[in-house]
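Some structures are shown below for you to check.
Presented sequentially are two complexes of chain A, the first with chain B as partner and the second with chain C.
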Partner chain A sequence: MTNVATNNEQLLRDFILENYLFTDDQSKLNNADSFLDTGILDSMGILELIYFLDEELSIKVEPNEMIPTNLDSINNLLAFIEKKQA
Partner chain B sequence: MTTNSYGLDPVLAIDFDQEVEKITQQMRHILSRDLHRRGFVIAMSGGIDSSVCAALAVKALGVKKVFGLLMPEQDSSANSENLGALLAEHLGIEYTVDNIAPTLDAIGCYQWRDDAIRQVFPEYTDEWKNKIVIAGGLDGQINHYKIVVENPDGERFEEVLPLKAYLTVVAATNHKQRIRKTLEYFHADRLNYAVIGTPNRLEYDQGFFVKNGDGSADIKPIAHLYKSQVYAMAKHLGLPDPICNSTPTTDTYSLEQGQDEFYFALPYQKMDIAVWCLNNGKSEAELAEKIGCTPEQAKFVYHDIVSKRRTTDYLHKKAVLIEDVDLSI
Partner chain C sequence: MYQSTLPGQFLSISESQADSIALQSNAEQVSYGDLKRRVDKVGSYFKQIGIEPGDRVALVIDNSVDYVTAFYAIWKVGGIVVSLNPQAKFHEIEKLIQQCEAKCLLIDKLNHANTEQLNQLSINMITLNQCDINGVANWSTALECEADNNWYSATEDTLAQIIYTSGTTGNPKGVLLSHGNLMCNVKDIIEYLELTREDSVLNVLPFHYCYGNSVLHTHFSVGGKVILAGSMAFPQEIVNTMREYKATGFSGVPSTFSLFLARSDWPQDPPPLRYMTQAGGPMGKELTQKLLQSSQPDTKLYVMYGQTEACARISWLPPHKLDEKLGSAGISLTHVDLEIRDENAQALPNGQKGEVYVKGPSIMQGYWNNAEASEQVLLNGWLKTGDLGYLDDEGYLYLVGRNSDMIKVGAHRINPLELEEVINKLGFVQESAVIGIEDEILGQKLRAFIVGEESRENLLALKKHCNEYLPTHKIPREIQWAEQLPKTASGKIKRYLLKS
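The block that comes next holds the complex of A and B.
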């Protein structure tokens, strides 16, 4: 994993842990956990996440990209970001 | 089935005489035994749900124990007020008209909303009209929202709403439902009556209400009835044709806005069937056949229903306590 990807991973994990789980305990979130299925985020939470991607990483998510495959876990997000930044 | 099914899909057909009897009996029982109040207050929007609830309240208690409220504001349609008055006259109940626009203006409802819209359309003024539309769910996307505005020349523009602007527009317009509820409870307190909430099953199931706004009530007599059943009930109860034939709207935004474009993925007839199919364990293929779509779209519809249940779960919740508090009498 490159440094950029590692930084993104930590940035995203911290964002989820701090804003949705209210903890800094890294063990509370697995990178493969589905945000929707585990109830960590609902669809409004995903919209907040999209806002965060725009603000922090300048990644604009187009409507046709707003699908769970792109946004529903840390792993999915990292793959999506990599694709967008390629 | 002894009664007319009013064109309902067979899976939604019910015996309406029996249903009216069951609901009105329960309304009397709940009022007497659970709520200990002397009558009902009902806000009448002119829409099908509040009209049926008002008619059921009159059937349950008679005209003298039901008080109606019509609460127009600057964005509600004049037709809504006319239909509300038509129904009140038809039922013969006492009612009052209270325009809430000055109250909404005083607490900044329109100002906050318009300022948020100007984040996307800087030229927007109060002479323009607006509405919010939902997008995405039917295509398997996360639901997101667009703002549609129309200038005084009738030109329309549409943009995806940034999250903060969307939340502010919704928060501002939620004042409308909450101010109405404040007035409903004023009259309920004054008369020692209970407040009727008017969601149908689709609205209740999918969380299509404002917490502490139209979601707040003492009794919800039709929350178990699908929207199509409520339309059929209106006919069964002999309500005036303009009410029975009305199209469901939000009546909250200044541009005409159907409930399906604001919130539900499909028109109510299909949403009813979709929710019924999901509740009764029907496969995506069976739903697809019933509503005339592809199995993939049916999958998205099921997903959307579950997603809305999840997102709006908190709207149904009372304040959550840290531990149980014993209130036994």
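The block that comes next holds the complex of A and C.
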């Protein structure tokens, strides 16, 4: 994994842990966990995540990109970001 | 011709339209005949475990074929359905189960609780997941039970359902609805929406709220199709599903439509719907106009107003009046009488502002086990809604606010007192106040004012605490520390000052 990818991963994990799981215990979040299935995020949370991607990583999520495959876990997000930044 | 109750209507439709599709969930299609067979089996299982007429059965499951199966199976044995929010935390579910004295609980996520907590409930429990917990039955057992065809003969007076609302004081109240209440409201809605068996509605509304509940039963009562869709977190997928399954109708709250316009290709390629319904709080004029401009010219938009205590719907705005009466909640339903009254409960003439009172066969029986609260809102057959408004010269209702401090976040109606009770349990919190502040998409979002020592540790502890005791939609998105809260001489928080 590149440094950029590692940084993105940590940035995303910290955002989810701090704002939705309210902890800094890294073991509470698995990169493969579905945000919606596990109840970590609801539809409001997904919107906030999109704003976060825009503000922190300058990634604009187009309507047709708002799908679980792109946004519903840390792993999905990392793959999506990599694709967008390629 | 309608039967006098919804289970009677379901039986009739499942015979006359056995092969018609009742539910579509992803690729799975379930016909009315098939659904009836499932309901018969689960109903027999309920009988086997001792569910009797009048018993309360709690459903804590997401919208699904299983939800609908269990719902009608409870009615098959004459039980009262208690649908609870599957996102709620276990302690909240436990409180409501105890409040309604449920005899059975059907739950689909065991992560709500640990084994010990579940066992403490000491009621029949069925889970949709495979589970080895002692005393908890698997849903598959119910689905495999030998079916019988004996349905309880419900009448209009038979109690049918309890729907919990946030209420205007801290504790949720169980709105008790009879079969007569439900059927009357369903028939009125079918009439103005002109629903037929050809209709198929795409539903994203939770069935445990009265809006989703009425979407399900109105379409079932005409033998139409209900398409179950996923979360509004992914609006484009919902729009794609509408197109894929050729939905003729869609029901949403203002934030749903706002999301479609902002986060999907709806404006460029509006789905070919016959009707859209909007309820769950007022939709701004600008959004209403934008939605109409961005939809197919022949798609009708029905603006509606209602309340759980009135079974769901109270009034509707005929689509052809939308331009002329923009901002109005419309005219009352066929079987609903509506008056505007002053603080002495005296009727006011058109044009004068007061509280909305409604009367009719769809008004609730009262709040479950809460005579005091029932008496406060049911006066000589009239329901005191707590909503403020006026009627114009043609009898069109315009709402101007509420008598209470309820906050509307997306589809959720939230009582700030309930949240403050939870927050105030923290040792470092002297007192708190939660208000709704404007949000472009959701209508309102929650902001909590906390009087207590400000620190990062306390902030994290507060968020953790909220996460432990409140479902996600009730967790304040913004926290503001305050030295004190503005209050009246009698000590009541002046929320309007916090909003400014």
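Rule of thumb we're sticking to: the second predicted complex is superposed on the first by the 86 of 86 C-alpha atoms of A that agree within 3 Å, B and C clash if a C-alpha of one lies under 4 Å from a C-alpha of the other, contacts with A are read in each partner's own complex, and residues count from 1 in each chain.
Simple rule for what comes next: a residue touches a chain if its C-beta (ideal position, glycine included) is under 8 Å from a C-beta of that chain, and two chains touch if they have at least 3 such contacts.
Only a predicted model underlies this, so the values are computations on that prediction, with no experimental measurement involved.
By the touch criterion defined above, A:Asp42 reaches both chain B and chain C.
Once the two complexes are laid over each other on the shared chain, residue contacts for A:Leu21 go to chain C alone; chain B is not touched. In the overlay built on the shared chain, the residue A:Tyr51 is in contact with chain B alone; chain C does not reach it.
On chain A, the surface touched by chain B in one complex and the surface touched by chain C in the other have residues 36, 39, 42-44, 46-47, 63-64, 66-68, 71 in common. Here chain C touches chain A in the complex through residues 87, 111, 231-237, 259, 263-265, 409-410, 441-442, 445, 460, 463-464, 466-467, 472-473, 477, going by the rule given at the top. Within the complex, the chain A residues that touch chain C are 20-23, 36, 39, 41-47, 63-64, 66-68, 71. Those residues of chain A that touch chain B in the complex are listed here as 36, 39, 42-44, 46-48, 50-51, 63-64, 66-68, 71. In the complex of the two chains, the chain B residues touching chain A come out as 135-136, 139-144, 160, 162-164, 166, 307-308, 310-311.
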